[in-house]
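There are structures below to look over.
Paired with subunit B in one complex and with subunit C in the other, subunit A is shared by the two complexes that follow.
Showing the complex of A and B:
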């Protein structure tokens, strides 16, 4: 049971970051290869707030998210402002994640806070001691809230603007969508969610290390969005869980994991570019349909 | 000021800049014709390096044969990737995002296959006995000198090919407007295969030089981020700008490593990219690359 709980928690943390990636890549069409960097920011900020400041869980998560979101604007603004192609942003995020990892590897302490450099940041408050709920339940609740919030975001006017930008930037601008503000908003939301995921991960382990947030984790996040599908929340959410759970359950697969991901990237792009669940929206229509006595075709007749 | 140290750093910076420029020119070439960043370049470079390494150490081939083998194998890989992973997308006029994801996938697969086959260890080419040259108190590593000279030679050959042959001019025409070029009778597939052959040669040479200068390991391809940064500093999509940007980045980076600390070298490159994006987003030599309607 402990094993299942661990998988639930790890995939929950991944899911939070993937929801952010879905907003950024799946809906806005921006391509981030360094999203693990935002998770790292959240993990360290959450750790500092929880351990050094002694804050409670919820303010810790919100503080970590806000911090990471604000930093993300500092990377997004120069890349989006010049209205250059998306490659610049991708390179900037990749460089940011690598630079941050190097920086965290070399910072041993900030004042009294002992971040530990490459040894890792130790003795963080643990999730199971921070609330009266069991730790896996906390993660599930946070994931459900995040799923609801992102769903509200993408169905709002802001989300519509994001979709318009992904489909045709020039046309969206002609229709009066503020490109810079919408892109920055999407980036902020995704960095916020990634940081919350990172902070939860830090509190689950009670320990974090810069190598948790390497390029492999960024690849995991990207893979979830690519396989899960463009313009869908539920697809990436399902693949985010699978991507953590499958290598844990089939340990021999873990060795070949990234080779398989890589080949699947190409196969998906060539044969099914919308992803497995592309354009599938999260809604409850199938539930209501399930409880109806009449078939849905009959219901729709006037 | 210690001028000896200064010139030492300068020489070292130019030699690393030469390796960056091979990679940056490869990016710029693909970008100028197909308008997407070839993220698989990283994988090509590591592949070329490992093939050369195996040829020398495991199969005991002479150096020239190992280099040839590495180039041929990388070119085959590069052209195969083009025909299987990029061309179907291009024919379907898929968005650039899809091309980038496909390229990322190729990269992940190549790098992790090499990681599985060779393991993550750092390996060195067996060139311990090379003595550096001494010119007026400055030592110039033989490897550095060879890298500089051969890189310069390759770049000159590339320039001659692009500006003095029919196929090269076809590539230049395609980089202006690929559709019009094909209407004018330029064979699009020949252009694609030539472009990816050139990038194969460039990436395998860069991989060999980088591997010989430092070490061979599966994640060595991260150095290609530097080449991307260099081509942005110069101006994305232009070949001379890529070379200029690489030299500037290589020299500045070596000075940072030498005078401040080598741990901050990579952070400096990234900070430099952000500053460039803020103040000179088109690069030093770049024309306006803003997306047009």
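Showing the complex of A and C:
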């Protein structure tokens, strides 16, 4: 049972970050290959707030999210002002994540706070001691809240603007969508969620290390969204859980994981370039639509 | 009074508008003045710079020189979204709908491109946010009905037939509650019947909504019909060639020369 709980927690943390990526990449069309950086920010900030300040779990998570969100605006503002898009924005985020990782590797302490550099930040408060609930239940609850909030965001007028930007940026701008503000908002939400995931991870292990948040994790996050489907929450959410759970459950085959990944990606990109659940909204309608032979719009055509 | 001066103070005025792309002067000292409520045509041979004028008004391109005034206030330097909120909305020559949204969503987006409730309200959907959404839903359906797309509200925009996509673009442009509507070749690729329907639609929205409309169009029948009572601007090589009512334009030797070329008599 402990094993299953561990998988629940790890995939839950991953799910939070992937939800953030879904908002940024799946809905707004901005590719980030440095999202682990925002998780790292959340993990370290959560650790500082929990260990050094002695805050409770909820303010810790919110504080970590806000901190990471504000830092993300610092990256996003110059990038979006100069209209960095596509690959260029992705490289900017990669640069941020790698720079942050190297910084954390070399900062041994800030004042009295012993971040530990490459040895890692130790003796953080542990999740199971922070609340009266079991640790896995906390993660599940946070994930459900995050799913709800993200769903509300992307179905709101703000979310519609994000979707418009992904589909035709120039047309969106001329229809009155404020590009800079909308993109910054998407980045903020996504950095916030990633940071909450990172902070939960830190509290689960009671220990974090900069190498947890390398490019491998960033690419896993991006892969979950591309694989799970653009403009969809449910697809990336399922992929986020599978990407953690499946290798754990089939640990004996773990070495072959990347071969299978690679193969799956090629197959999905060739046959379903929009991702497994691309354009599938998280509601009851998609289930019926999924099993219908003809897509509804084909039938409505005159 | 010369024919290119509108009778009342112009709602939109272009003064000596000029833009260079590298070494090419795409628009050269173009002048235009449109009175509130007018329906003005903008015609000219291919490559004359008509769409560029729209792109300059909406600031998709930055003008090199000259002035763009809406009710006497300059629009230059504003971002396209601000210009939209000032009351200028447009359609595109090469249709630019949001292809994976439904027809309804395309229209609805443009109604509230500046969200009407705060981010916090978005997360928890307070009653106010829900009411705002109900209002925009009703308006979106009403606009779709105006252009005759109410039955296809839930169809994916990219899957609609070409002519209906053009109509949807008009509905989307109207959804931004503009005072000036820029229509870029609304009749492109339409047959005669479709053109007639379109003329009727444009006339109807012009009369009922009180928009000021500037329309680029190659279909002469459409332009001449719609601009019967107003004026047509003719462009050539980025500059004003002629301005006047339909008959005047059709008989203008310079316009005929620009469209049909010149006989090489005695050269």
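Everything below uses one rule, namely that the second predicted complex is superposed on the first by the 270 of 302 C-alpha atoms of A that agree within 3 Å, B and C clash if a C-alpha of one lies under 4 Å from a C-alpha of the other, contacts with A are read in each partner's own complex, and residues count from 1 in each chain.
In this section, a residue touches a chain if its C-beta (ideal position, glycine included) is under 8 Å from a C-beta of that chain, and two chains touch if they have at least 3 such contacts.
Since the model is a prediction, treat every value here as computed from it, not as a measurement.
Looking at the shared chain after the overlay, A:7 reaches neither subunit B nor subunit C. Contacts of A:242 after superposition on the shared chain: neither subunit B nor subunit C is touched.
Once the two structures are superposed, subunit B and subunit C can be ranked by residues of subunit A touched, with B on top. Once chain A of one complex is fitted onto chain A of the other, the partner contacts of A:158 are limited to subunit C, with no touch recorded for subunit B.
In the superposition on chain A, A:234 makes contact with neither subunit B nor subunit C.
Contacts of A:170 after superposition: both subunit B and subunit C are touched.
By the touch criterion defined above, A:276 reaches neither subunit B nor subunit C.
Of the two partner chains placed around the shared chain by superposition, subunit B is the only one that A:29 touches, whereas subunit C remains out of contact. In the superposition on chain A, A:99 makes contact with subunit B only, not with subunit C.
Residues 170 of subunit A are contacted both by subunit B in one complex and by subunit C in the other.
Only residues 58, 60, 79-81, 84-85, 89-90, 92, 96-101, 105, 108-110, 112-117, 119, 122-125, 129, 132-133, 136, 151-152, 154-156, 159-161, 172, 176 of subunit C touch subunit A when the two sit together in their complex. For subunit A in complex with subunit C, the residues that touch the partner chain are 149, 152-153, 156-161, 163-164, 167-168, 170-179, 185, 231, 279, 296-298, 300-302. Taken together, the subunit B residues at the contact with subunit A in this complex read 31, 35-37, 84-85, 88-89, 94-102, 104-113, 116, 219, 222, 225, 228-229, 232, 236, 263, 266-267, 269-271, 273-274, 277-278, 281-282, 289-291, 293.
Across the interface of their complex, subunit B is touched by residues 25, 29, 31, 33, 75, 78-79, 81-88, 90-92, 94-96, 98-99, 102-103, 106, 169-170, 215, 219, 222, 226, 255-259, 261-266, 268-270, 273 of subunit A.
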